[in-house]
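Each of the next two complexes has chain A plus one more chain, namely chain B in the first and chain C in the second.
Here is the complex of A and B:
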């Protein structure tokens, strides 16, 4: 990244500066810092929101810039969450089992310990054996590698098959959605090896940091999420601002023309699809330890559709638009569905926002699509007149 | 012709039983300026689709270059990289991007994703872009968004993108459509200059424009070659007259 990259993209500098200020403000206000202006649960919500912003910019690159309306990126997000969740759950259960067995006169064998851990984790789905999926669950490094490799490989294979056959537009969207649905349904099964609909839980407890308070842990994850968002933003801004950005926007606007210019479109789509899947996986791996639990419902197709809605409302084809959309809509969503919004009594009918929020969201989505195709981010165009 | 660049022989293709191209044979030399004319449905665009790899013919051969490579079975991108550039009937430039970005994307440079990702602007590339912009008369419009250009300017930009690819063969589909008289003259000049060093094939409806190109003409009709030669030669051919006037009055 040379100087001209930042110079040519002042919005990147603005974004990083604002993110830095926001991070500083939350840190100072957090319970971990001592002021306690912002509750620990709020820090977690904000940290999770930053992860959602990260997957939103990935979605913006793949959809807003490259024109691939993927309805499957939340699957990659979920896979990242499961991958880190397996280690978190294994390592914590191992710690509990070891400490409970330590009092015995005869030391337990490795097999007994393994059985005890298996029983703890899989007893809920009536099993005690470790499925092959958990082969690396005891190794943090390998499991972190899975966070990147599994979404990356899945995207690579899926993308290679789809793009090579020149599946585009709505058909590709349907395929990605089918992939998400299949993955979610598989995870729901008790014999999937990932605890069926129970999912993985207790992820907020970080092994090795048993003495640390949730206030400290939440702040650490918040800072980690902010850093990941900043790095992800820089990476994507660099990619879309250069010649790569030209080519992928060309693919979005006229795929055939790009092909006749001599570019192998499939390779570009595969690169973007896979890279954004990997970033989505990383975002998920940061999100779920803050959420504390992951279950197959998180990977339901609707989640990926929400992702597209965030990006559309925020403004496609501009990274800060995706961030605004994801932050604005997801925070608003938790305010409305969390009972934060006051019910409106019309006399003959009471609008309960837990029921009506989705309707409001749907209406806003339609309005944005019809009247503000550039989304909220488009408002910045009125503020900043580009020199022509 | 001993310097044949492209040799299409015995090519046929049908869509749902309709024979769009019927054992068509054409040879293009390098350098050469060639006009291909013919009524609607004569197979002009399908002919271009076959050469550029968009459509696979049912039979026949398409042989390219001095090493006699078959273009059939190559992907669009490979054919483009082999040295064939194509301009579409409708101006298709990337409207959301600037004129400079459009030309930069077309410049002959490594096309792999990695090379493009790590691509850096060089003064040599900048100079090439300036030279092409000069050639197509868009020097002052380089920072403009291509979508803001006039119809004629978009056509020139697309021709400029073709030139930037440095192809050995340019396929140009109806470049003069929708242009004013002055714009047509300028387009003719650009194409004539381009044809001094490479092969340029122009598909055109407009006889006046073809006359201005002043080159060898191939008349297509119902998917095969009806006549070939100078414009005066082919227009005096009674079959050509019948085909054109017959369709024209229908």
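Here is the complex of A and C:
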């Protein structure tokens, strides 16, 4: 089965090979390896980009293949980040608190340690008690389970409610947007238990690896992200190329006909929606330790819309298109906004790209939608098939 | 000593008889206190000065307060003085004759702030009957700010001679407040309290709350005094609080906190052991308490109070609140009056909340109605709708840069904003939307691209800081019905505007040729085209109309909120929800949606006023649930048009 699946989809092999080469090149060039051709911050940026590619292929499956334009997948990404961030922050603070308390004549009680940790973490929002949300924060295994379970359950409940009442098309998009909005508004509150708009910070320090340099840690996360992307790509490629792939593409093209053929459309949609949410959560859990900080602004509805933009620019309905779109736009965006692009002097006015990049992005996005509905990925069609 | 006192007394009596109209002798008896007044001693001095009854008393107190009283060092006589360079123009306090003298030899009397306030209080009774209306008003306001018992008498006396009707009413109100607090006779007090029961002002409530102020009390026996309520431990009062109260009242020994236990143990380590227990084993609370108990037995530390002891100590006492006022007749009357006021205030608050909700609903309606036309009637999702709102607001701002008169500029800005956004909408429809009519999800993304570009463009042109859109003067202020019900004129104007738009849009859609053609194209474009209607033109006009209305809404919103490049984004999600909740393709639906969301948001805010973020979260959750049960909105479309 697996052999025929790869044989049917040579693009998967190509993708894995290219990703492997890229990973190898970055590893060899990284500071951790010793050559130092690529700076640690660049390794982090590339690692984060791989995570964005992972959520982009999830978005591509749910939108490009199944036709559900979800404007809420970044919420799942953020939830994954918060879930892992809670453990990172708890464990790191615990280490600091224990080392500062160890000098005392009398050993501390469990209650005192817990109070001190709570004070460290929640002092910034004027509290010192642990909210119920943090019940499992001391356990890495349970918290990793949360990375998968919370986005999955949220997607399951939300999707079940929405698909059951046949909310489709634009309505569903707005509903998912409302979901992220509600989540980010809730997280912005100080009494949400997740430190309000301060978010969780210091996530780049991995407890248990205090002595390891950031160069090593960043490379480890880069490799982890590459592996996750490869596995995610294989999983999604397998799903969309089988019989199930045909059904969900049928749902995209004409939901009513698929339903009349006897398929349980809601079940398929719910499965795809939940699965992609879980993958988004995993991508977020890999992304935020590299970013170092997560706050509610990351979950704002605009982020999810950008996700759709990446997929559209890269090309919907093909997984490598989503990867290209996410990598291309996010790297280009950081190049432009980071001041990397040279300013253009028009004589009477100087175009500073930090100011004009968004205008360019917006306009190019309109152009892509109008003139290249297949996105950048569509160009590969010309390469593979000879233009007739 | 005694002799000195006697002479002073005799001298005082003599002065009182012979110079009833002269103030200087009275001042001389208190010369030291006047020259160097302190807050503790000045009251008696003030009482004496006022009691002298001399006509100059008010004058003197004012000068004293203003630091324009000077004392001659030679004989201690006081003068009113005006400084002029090195000289002083002195005026005799009693006769009013003026002389000029060099500053040397005189010292200025400088009472400190606390003393000046006391002087001001004594001064009030003179100002109450001052011929100048504004001084009487300021005297009343000063009484209202810091009422005290001594003001009641002069205030009552000043009511009858008062000529100004408004001020007289205010004086009567204030006299009621003062009598309720300070009247010597219980019946007077109760009568005054009863007369307050229909007064919903914050002041009246403050007076009554002051009368009803209660303090917590604890005793071993049954409650004594004018008991407000008996507190039940467990429900009204937590066990820990109750015990803390016992400790505060010295009825029980203080508890030893875990941190105090730790400190005590740490202070008594002997050879790595505390009370015979190795320190390494002290990492749990029970072990620490055991070690502490050993120390307590040795008498080194106060004994631990166990939880059982705490519970039995609390159970042996009764906890209650007792009014500061001893007379139950007065507190009962005040309670009854306050209850009656609170009922009225509750009703007034409901009215106020309704007004607030109405004004919020009209803002949502204005923001969403343009969207309802493009989204509802044409099935086109315009993510740039918010940016059209922003464009309208910036148009208003630019117009104000050229037309300085605010009223005129608003009148110019409204049609101009319509024209600008109408044009922008038509251009967008021609260039982008027209090509995407059969791909609604892509319209969403393309218009999102436009929205991002427009937002950044506005940021580049106008900067990131908020620009003011000043409303005309006649829209400033608020319509104040009472202390509770008030609504700003600008919100009323927006409400009126929303009504006008509703009427206008209904008129255009139902009574004009354009509206007929729009409805025809909406229902069946093919059929409409075969009837000679040009669907392209109609789509263009509809889109322009919807965008133009967004522009006008932008001016209205800009008048009360800030004008920034991000203001559109603030309204876009709300607007979509308004349209979706209301039901697509129907003006009445949008109205219903805006009302529902406006009232809901205000209602949730009322339950949880401190947290608007929570209110918004709950509202969004409600909307998500609402759409589950009515996916087509409040006013659902029927028939073929609803098929997709």
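The rule is short, and it goes like this: the second predicted complex is superposed on the first by the 384 of 388 C-alpha atoms of A that agree within 3 Å, B and C clash if a C-alpha of one lies under 4 Å from a C-alpha of the other, contacts with A are read in each partner's own complex, and residues count from 1 in each chain.
Here is the rule we use: a contact is a pair of C-beta atoms (placed from the backbone, for glycine too) under 8 Å apart; a residue touches a chain by one contact, two chains touch by 3 or more.
Keep in mind the model is a prediction, meaning the values are calculated, not measured.
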{"item": "First (chain B), second (chain C), both or neither touched by A:383", "value": "neither"}
{"item": "Dominant toucher of chain A (residue count), chain B or chain C", "value": "C"}
{"item": "Partner chain(s) touched by A:312 [first = chain B, second = chain C, both, neither]", "value": "second"}
{"item": "Chain B versus chain C as contact partner of A:69, first or second or both or neither", "value": "second"}
{"item": "First (chain B), second (chain C), both or neither touched by A:186", "value": "second"}
{"item": "Partner chain(s) touched by A:243 [first = chain B, second = chain C, both, neither]", "value": "first"}
{"item": "First, second, both or neither for A:346, with chain B first and chain C second", "value": "neither"}
{"item": "Chain B versus chain C as contact partner of A:262, first or second or both or neither", "value": "first"}
{"item": "Which superposed partner A:106 touches (first chain B, second chain C, both, neither)", "value": "second"}
{"item": "Which superposed partner A:271 touches (first chain B, second chain C, both, neither)", "value": "first"}
{"item": "For the chain A and chain C complex, residues of the former touching the latter", "value": "69, 104-112, 158, 161-162, 164-167, 169-171, 173-175, 177-179, 181-182, 185-186, 188-189, 191, 301-302, 305, 308-309, 312, 355-359, 361-366, 369-370, 373"}
{"item": "Complex contacts: residues of chain C adjacent to chain A", "value": "258, 262, 265-266, 269, 274, 279-280, 282-285, 288, 381, 383, 432, 435-436, 439-442, 444-446, 448-457, 459-460, 569, 573, 576-577, 580, 611, 613-614, 616-617, 620-621, 623-625, 627-629, 631, 644"}
{"item": "For the chain A and chain B complex, residues of the former touching the latter", "value": "239, 242-244, 246-247, 249-250, 253-254, 256-265, 267-268, 271, 388"}
{"item": "Residues on chain B engaged by chain A in the complex (per definition of touch)", "value": "52, 54, 75-77, 80-81, 85-86, 88, 92, 94-97, 101, 104-106, 111-113, 116-117, 119, 143-144, 161, 165"}
